[in-house]
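Here's the structure we're looking at; comments come further down.
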Amino acid sequence: MYRHTKSLQFQVKPERPDALFAAKLQELVGGQFGEMTVMMQYLWQGWNCRIPGKYKDMILDIGTEEIGHVEMLVTMMARLLEGAPSETQAQAAAANPALAAVLGGQNVQHAIVTGGAAMPTNSQGVPWNGGYIVASGNLLADFRSNVAAEAQSRLQTARVYNMTDDPGVKETLQFNLARDTYHQQQWLLGIEQLIEDGFTDGLEDSHKDEEKTEHARTFYSFTEGSRAGEGRWAQGNTLIGNEELVFAEGVPLTDDVNQVPPPDPLLFSTYDGSMGPGTPGNAGGAFKQGAENLLHKAKEALTGDDK
Amino acid sequence: MYRHTKSLQFQVKPERPDALFAAKLQELVGGQFGEMTVMMQYLWQGWNCRIPGKYKDMILDIGTEEIGHVEMLVTMMARLLEGAPSETQAQAAAANPALAAVLGGQNVQHAIVTGGAAMPTNSQGVPWNGGYIVASGNLLADFRSNVAAEAQSRLQTARVYNMTDDPGVKETLQFNLARDTYHQQQWLLGIEQLIEDGFTDGLEDSHKDEEKTEHARTFYSFTEGSRAGEGRWAQGNTLIGNEELVFAEGVPLTDDVNQVPPPDPLLFSTYDGSMGPGTPGNAGGAFKQGAENLLHKAKEALTGDDK
Amino acid sequence: MYRHTKSLQFQVKPERPDALFAAKLQELVGGQFGEMTVMMQYLWQGWNCRIPGKYKDMILDIGTEEIGHVEMLVTMMARLLEGAPSETQAQAAAANPALAAVLGGQNVQHAIVTGGAAMPTNSQGVPWNGGYIVASGNLLADFRSNVAAEAQSRLQTARVYNMTDDPGVKETLQFNLARDTYHQQQWLLGIEQLIEDGFTDGLEDSHKDEEKTEHARTFYSFTEGSRAGEGRWAQGNTLIGNEELVFAEGVPLTDDVNQVPPPDPLLFSTYDGSMGPGTPGNAGGAFKQGAENLLHKAKEALTGDDK
Amino acid sequence: MYRHTKSLQFQVKPERPDALFAAKLQELVGGQFGEMTVMMQYLWQGWNCRIPGKYKDMILDIGTEEIGHVEMLVTMMARLLEGAPSETQAQAAAANPALAAVLGGQNVQHAIVTGGAAMPTNSQGVPWNGGYIVASGNLLADFRSNVAAEAQSRLQTARVYNMTDDPGVKETLQFNLARDTYHQQQWLLGIEQLIEDGFTDGLEDSHKDEEKTEHARTFYSFTEGSRAGEGRWAQGNTLIGNEELVFAEGVPLTDDVNQVPPPDPLLFSTYDGSMGPGTPGNAGGAFKQGAENLLHKAKEALTGDDK
Amino acid sequence: MYRHTKSLQFQVKPERPDALFAAKLQELVGGQFGEMTVMMQYLWQGWNCRIPGKYKDMILDIGTEEIGHVEMLVTMMARLLEGAPSETQAQAAAANPALAAVLGGQNVQHAIVTGGAAMPTNSQGVPWNGGYIVASGNLLADFRSNVAAEAQSRLQTARVYNMTDDPGVKETLQFNLARDTYHQQQWLLGIEQLIEDGFTDGLEDSHKDEEKTEHARTFYSFTEGSRAGEGRWAQGNTLIGNEELVFAEGVPLTDDVNQVPPPDPLLFSTYDGSMGPGTPGNAGGAFKQGAENLLHKAKEALTGDDK
Amino acid sequence: MYRHTKSLQFQVKPERPDALFAAKLQELVGGQFGEMTVMMQYLWQGWNCRIPGKYKDMILDIGTEEIGHVEMLVTMMARLLEGAPSETQAQAAAANPALAAVLGGQNVQHAIVTGGAAMPTNSQGVPWNGGYIVASGNLLADFRSNVAAEAQSRLQTARVYNMTDDPGVKETLQFNLARDTYHQQQWLLGIEQLIEDGFTDGLEDSHKDEEKTEHARTFYSFTEGSRAGEGRWAQGNTLIGNEELVFAEGVPLTDDVNQVPPPDPLLFSTYDGSMGPGTPGNAGGAFKQGAENLLHKAKEALTGDDK
């Protein structure tokens, strides 16, 4: 359950409105790595975390902080959009080149749809969507995703920071940069903790015994003259298992060619008959087999021979 | 430029068709972390890599390998879909419970849209989209994203591996598991190489001097009774700067409340006047200011005083 | 079945082309509350209306009118886009600030994709999609959605109206504003009619007896110092049942905490074992139970004891 | 800023797992009118509300409650998915018809992507997206949308309620039904309050004087034999202005036909020349005009004649 | 403007409900090549057609017919969904394998969202979207798209036709197959007419003189051992210009390698300096140049030397 | 399997950066008919082609060429974006109208998200998605789609060609225009080859005997005063079957009206009872029938009478 406080976590006080900058700021609100993504991603991971205690609490703590970060940026957007042009524009643009840029570059949904406020979209107007969220139940995999998300988020914030000279906006972004710095470390340290607590096996060792290990230590190159062999990824030992890394040219490891079977004639796919007749996906054919199965199962059940 | 070989990189030989499994396999083809994603992500990162040589070549080598992995899975799907039911079904389902499951769980686009072949979608039929790709130009940020992508991909492959007992399918997935294991390491080793080559400053140090450093080492907790303070992320020193980590209750760090300004009256937003009149986004008002700007700029240009 | 008339329902005669305004007008064509939405929403509701006569006819009448409204706006767009810049632009923009605004703010798909015509997208280029449509089969719920759609549509039209001073465009929008005013009332009056005809029970009374009525009259507040208790929604009596409304602080109404069960080990989710072993989602385990079920059912069927 | 409590608002205790029901429940989590929509919609409306006090507090109170409702359903989903089949299925389905239904109807992302937990998608696997949110800044328009959202939400909950007989699930849904009943009233009462406080003019009266009033009171019928004239929407007086409603056949109100202008030749649209040559969108032509504009503006600015 | 008739164009009378078939039929309603696509595509092309008379009328005639086809299929869906299971299912599925298939394979939105009616989505639940529409203004390009759309649509209808044995459904689909056959021809004949009327230059000859003609008649092969040279596309003469077709191995036609320039340092992209310093995208630098431009333009304008 | 060559297929050497043009070029990269679409469409069709030899090889040859075309455009984009504005802009725009256009019209994701490189989106920022791909298994249907795709692609390229005067960019586009010209012919000649090889029956003749042939040769007009009868599509003989084409007024061909059945009461759809009680979708009712089915099947299976 959640509770709300009217005060913001940190101040969001632009010195002056700037509709053009607000259009860019949408990327940090509703983009692939905007605040909506990390908010929903951490809440979702936390709600589904299977370990009560420090892990679940930590994830939900940061998820809850991020709700407040969306609130901060949305509030800042409404302030940046104060008095954005909402009327006829041709004459004004003719006289004022700076205004021309604003008119051309502003996000018109900020006027038409929200009445001077943020949209739940990225900087191109694409609605935020749940497909951005990563929450797999495996904490090592997810913490790696979180490290990446914070890195991309901090990078984008640093780029956007260059696009304003409003001291009030910069003040807020300096806070956001710091939180991104901390949060990157938080997840990196979370991975350290997972290792210390022995919770990494699920990812690295899942079906470890069955994977084709000779392909787990080889860099295959598919480019003539590739210099990729000069990197650490092709020299020295593997991180898992401590085996020697191999650099090899990428070649087919099989004589299987990319041929697909003859089609079911009822699907009307084009086919020359060269591989024999297609297999009809005949549910009627399955009918007979089904009855036989039923009989077999019934006999098993009646005789107790359910192997 | 690219070239194609008819042989597959590794064999994809299911022993028998299995339409229900094919429906699940779509997640590994066109899902958020399916082969289409890593193929496009690595190609995109490689094409835009600014460092000729081992980095650019490595990224494009793996991107090229991944084109072949999409080819492998798409080929396997057509084989798994051979003879999938395409006719009337009620009678057959009545007799054959296993068929009922197939009829209920198969992806009907495999029959109606592709004629017995894979779709460029995930396991729910959602089309793959470019919003899954991460390619920022910053290699540290992107390699972190790639580590995460391979971790999620390997985890999903391991889960799907449990859902079949077809030895031919398992053989291929054992290869894929191994490549995911290697590729995870490849990106982790790539990060080691970036550190060794001194290419990590761009991310970690962007605007380092301007961020609010006191917030770059503090875990804020927003949950009563949170045990998050017990983790490494709240104890010991930071990874960057080696400062002591702080665990603190999350409180507002400002007296700024979530109030937004009075609206432009022409936007017809609801407002009670309590904060004074709204600022009209009057492009006409900007007109006068624009002319003054123009005059000022022209004077500057004519006099050479362009500061 | 439908028939077409070449004449438009109302004139759409801009006095001059205006590519920048055309870009904004896309919101009224293909936005969440644009003409495509109401056209498809009303047609869909009408086709599925279960009451022959005045309701079904009314809904389909307005749906058919809206096809003509899409036609009107699409036609106006092609006229607004006449002679929009389609050539090289750098020099022209250097000389003409108003043109710079157009070049910056125009929708380039209007040139590249449609050859000077409207797109089936909103003002940000996001394609219209069927997810905007509301059609539930329950007329009270749907008429409420329609009232809301017309309100949002009229509001957006009123905002866009401020963004042009072309008398021909304004003439058309004055017609559209009037239709939106009427259509809002049409749905409000439709709700009156539903009440009069006794068709509202389906919504308000569905499972009325089973809902937890003590929670059907309480405003829970989750904000310290909330003044929400001052409103009508927290004072006086309910509209349904005429019970006294309650204002209460939001507190957990249960001792159930947000804990989730131990995971199936085959899913490789991270888990510390603190809640005991996870339940394997073992289809093999289900096998034995299934055979027993089959036996039981077969016996029931044979003995006629099918309760 | 937000804070989190580990206790849920209301209990979510299914008596037994049910993967098939979990697949349906996704609609109430991530569908068009699921809990994610109302949570984000109310938070967004509240953050952007321009009236400090009871309105802003009320909207944010309910938005905060809804975060907890998402948490409740996500938690319930993980419990419903405990032990869902994650292994090979053909044999099991052959023996157990009920399992066949589960295998066919379960959401495979629940196993492959989340490891036994909810997805941020609807019941078809379509990711939740920000395009579902309505937040216009006009409270009357938005409260109408909220009434509609709660009506659709309650209707869907009532339908889903019929699809389970698990007493624990029903208990939770009985709470949800009650909250939907209250929330519908909350927004209806909010509209009463807006009327009492005089805050409805912005919507109903925006550009009231300019709309074509004769079209604001007429029902146009476009169907032969339509019985729509029998309804209240075509009889009696209007709600706004108290004028007599008119029922009329829909006819063209103009001689304007759906003709579009000749195309810019550089766009290569097909055209027979019958309307004369197309207007080239020649930015070069704009160049000369731009220079003249510049001169004119500069003269105005220098002479102070900026009208 | 449009008018509606209550009678359908052709009957849609299933003999019995079939929820599983209704789920498949969604592909023909709201899929990439479903009726919604051709309806909207033809209306859009017709509204924007620049040639009054037979072309514009023909396109709008078929577009109007297709509105009625959506109506037909939506009506049929509601009939197919009569009495679809809406209650608890575990027990029933245990006893009835055919029902298990239905329960697993039915589209649950048909119950939860629409109350027993069609959705505006494809067979996987993906909402129809405007991105399916093709309408370029060039009739040859668009008629080719229309031929393709009708071919795909007829193919899908033929596949779905195999999936039912309900005589009433087959009757309707026999009508639809025939219309698809006619409509394919309609567009092929439309292309004949375009050729006869001389309206194909816009597409084939656009910038004909400037294209690199040596590359307009060569098949490049990128596969070792490709047998593509055996086809008509690599032998004989071109259709346009009647030149000899060439079969050639695909090789780089340039020494340009895929290198990208050094990055703007303010974008924090990873770079080793090997290509010299990056070009800063310094708007400040542009400032000085801008003032010089202004001065230059003003002088030109004042002196009349506007070259 | 694929291999990569560092050299591009053709040079991509803009003479100067041009961020505004780069924004437009996105349409040719990630739009509905951009290079990503044809690349993925041809690879997908080729992988699933059922005819080994010249067809499969040809399709994969062109698919492989198109990977290189995406690479070319993405590389060109990074060069066009060199030094694009990334800093504060208000002052610069005030002085430089051309810059104002760039600032307004540039794609801000080119700076914020990619650090000066292409996005996998169209010109409006909508991510490329798999829903653009057409691959049905029927080569005639797919080659028609490919003809259309190349026609739309060449048309868009020709339009974009007008929007630049950079000789380096034009050089590349002249190559692309030529390839589009060739590829159009390639697919048209592919259709000739399919006809010659007798591979067209699957499409045109699927269920030919069952379609309602009287509707396969009639143009129905739904517009008063339609002149559509003047075209070839309504005169002369059909292409298939050589029957006389008919021009007829569109009228209902049935007395079936658009009525839908009474709803299942448990779905709470609005209904007046006029068509009798609705059919409950009662799974319980199915239970009894299911047991009877089971018994019947078991008897059949035991007695061997499984017809």
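Residue numbering begins at 1 within each chain, and the chains themselves are lettered A, B, C, D, E and F in the order written.
Assume a residue touches a chain if its C-beta (ideal position, glycine included) is under 8 Å from a C-beta of that chain, and two chains touch if they have at least 3 such contacts.
This is a predicted model, so every value here is computed, not measured.
Listed by label, the chains that touch chain B and also chain F are A, C, D, E. For the pair chain B and chain C, the fraction of shared interface numbers is greater than half, so the two copies use mostly the same residues to meet.
Set side by side, the interfaces C-E and A-E show unequal numbers of C-beta pairs in contact, with more at C-E. One finds 28 Å separating the Cα centroids of chain D and chain F. Chain E and chain F have Cα centroids lying 3 Å from one another. Residues of chain C in contact with at least two other chains: 1-9, 32, 47-48, 55, 60-61, 64-65, 68, 71, 75, 78, 86-89, 93-101, 103-105, 111, 113, 115-117, 121, 124-127, 129, 131, 136-138, 140, 155-156, 158-159, 162, 203, 206, 222-223, 250, 252, 258-261, 263, 266-269, 287, 291, 293-294, 297-298, 306.
For chain E in complex with chain D, the touching residues are 1-6, 47-52, 55, 86-90, 93-97, 99-101, 103-109, 111-113, 115, 121, 124-127, 136-140, 194, 197, 199, 202-203, 206, 297-298, 300-302, 306. Remark: chain D residues 155, 158-159, 162, 266-268 touch chain F in the complex. Residues 1-5, 7-9, 30, 36, 40, 43-44, 47-48, 60-61, 63-64, 67-68, 70-71, 74-75, 78, 94-95, 113-121, 127-131, 133, 135-138, 293, 297, 306 of chain D are the ones touching chain A in the complex.
Across the complex, chain E is touched by residues 18, 20, 23-24, 27, 31-32, 96-98, 100-105, 122-126, 156, 159-160, 162-165, 222-225, 250, 252, 258-263, 267-272, 274-275, 287-288, 291-292, 294-295, 298 of chain D.
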